[in-house]
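Please find one structure pasted underneath; my questions will follow.
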């Protein structure tokens, strides 16, 4: 019984995600289907890669992860199946898989006709190639059956800028539902008081472990659940308070 | 192990969809539950019918599809179970099932007390009739056990206006998450250059197979993944560019 | 094969819900995972409690319900597992579980290291404590194995103000997707004509069973599917028409 996860920018108001699930279940009736998210911002490959990389390692070994954020669908980019870290990843070769499937990895271009529904829609490889491939994998097919090995795939690294230090700078890589700013800074000691500079403005933030370590409305600097330094406002939104969004530059310096 | 899908306008912020799933699992603990969508626009029976018709055929034979877009709940319209195309469909007799369950079909009015939870809420047949019926079907009950056969059910056809031709007109039947316009035109050759008229305005669009066939920001005319002619803007929104929405009239003519 | 449900304020655009599911499936590969909702308004513990209490009783005996609306995560509040009404409830001790898990109940503080992933993120007990606990329960662990019994847990009662009567007052406890006002009034006869006072304004509403009992655009007073008195507008929004929201005070009086 294989787990198949889905990470897409399809949203949930159309039938696209349901269509993919129907195809998987038609091939692998006992697959366990799990949504990671269908709310990746439209065509934001890096955001999809980050969501997948966040959740995929928590699933059981052998899980199959389908990721479809695919502005180049039907054009030259390859359809991929990748084996890495004991999991299988299926999606377009545009970087969306690379962060969750770190080297050493084995990548294959999907071109075996058994791994597609004909006629393949040029705008919906999610249904006609990736869901079929995931269904076959869930029934025990090996990634190498999908097609020729590829020596390299498109890489999108997660932006990382080293640990939090007394004087450091980074970028916002993601703003979550709570308005928390997930940054490119990874690791470092968060205790103490910090000055945060962002878009020409300055803020004072307090280092801590969790939201309750600061007063309501105050800025907190902490190590987030994904291992990155994050900035939050207790019972509020750091994005709203600071005006920062994905891609914003941040500077942090330790206050005496 | 039966698949039970859900297509509703309940949204996902309330507990209504979860309530239905609890009822199904209480009757059929090994049912596989799949959301097609809970984001059908409120009370938009035709939109629900279209989403269901899009996704349902992709599920395994014997799947049970529950669709609840039901402004007339608790009033005179019948509760239905329909067998068609090797699948089972459960929902109100207002057209939401008809497009996905084409003739030849067998339709039954649900009035067997075993197919309802008493007391039935007059405003939530989704939980008290349709989920119960789906659960019973998932455990092997036959549609005919639900109640008397009905000679006819309410029909809502998908609007179709024939193939794309050198001079043709159609309507927008759906706008998807990407702002793509799904039209009533089915089939026809999309190659070449097109003039699109919509709400008194004129646009030039290029025929192609997929988004990458046109420049960023340009209009594309193509056969969509559901077999209908669609209009998209590469890396943009055709709905935003043209001002068209569901129901808008479109005219297309081939340019020399 | 255990059912595990999820009720959170995590939204669906981040990978948080997916992360929890990965942890559960890693421990209990054959668990059946069901979302009640991830759209609880941010940090609104009472709204989460209400959604859980609405849906949980409909699931099969032995179901495991994880609820994470948790502004105090990582601070002093306890992590809980509660056995009540033949179900198991897992979440923070802030009231989110209490309404769905009525007395008699047995509550335990989760402090057994087997029921957490180390290092526990101070901001994501959903993943590192509650999902682990749910996974263990799904594999047959008993709640009492989680840690010491607690004599009491934080209570949030559902606001209830007695039955609808000729002169009565209550509050809006929830506004659903349709703009229906779910009130604190429970039971009573809804027939006849009513005057509704709200925020200094007066409206006439008709008592009935379902939406079709009134004209399009008219206000309906009825017993909702959860047993509470609700106020709706047929094919419209009672919240929009009256201006009422969660917490609004309402007065109802029977008209001659």
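For reference, chains read A, B and C in written order, and residue numbers begin at 1 within each chain.
By our rule, contacts are C-beta pairs under 8 Å (C-beta built on N, C-alpha and C of every residue); 3 or more make two chains touch, one makes a residue touch a chain.
All of these numbers come straight from a predicted model, not from anything done at the bench.
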**Prompt:** Based on which chains are in contact, what kind of graph results: line, ring, star, complete or other?
**Reply:** complete
**Request:** Could you work out how far subunit A has to rotate to sit on subunit C, using CA atoms and steps of 5 degrees?
**Result:** 120
**Prompt:** How many angstrom lie between the CA centroids of subunit A and subunit B, rounded to a whole number?
**Reply:** 30
**Prompt:** Which subunit C residues sit where two or more other chains touch them?
**Reply:** 12
**Message:** Taking the touch rule as given, give the residues of subunit B at its contact with subunit C in the complex, in rising order.
**Reply:** 9-19, 21-23, 25-26, 29-30, 33, 42-43, 71-76, 121-124, 127-128
**Complete:** Per the touch rule, the subunit B residues reaching subunit A in their complex are 1, 3, 5, 7, 12, 32, 34-40, 50-52, 54-60, 63, 174, 176-178, 209-213, 222, 224-225, 230, 235
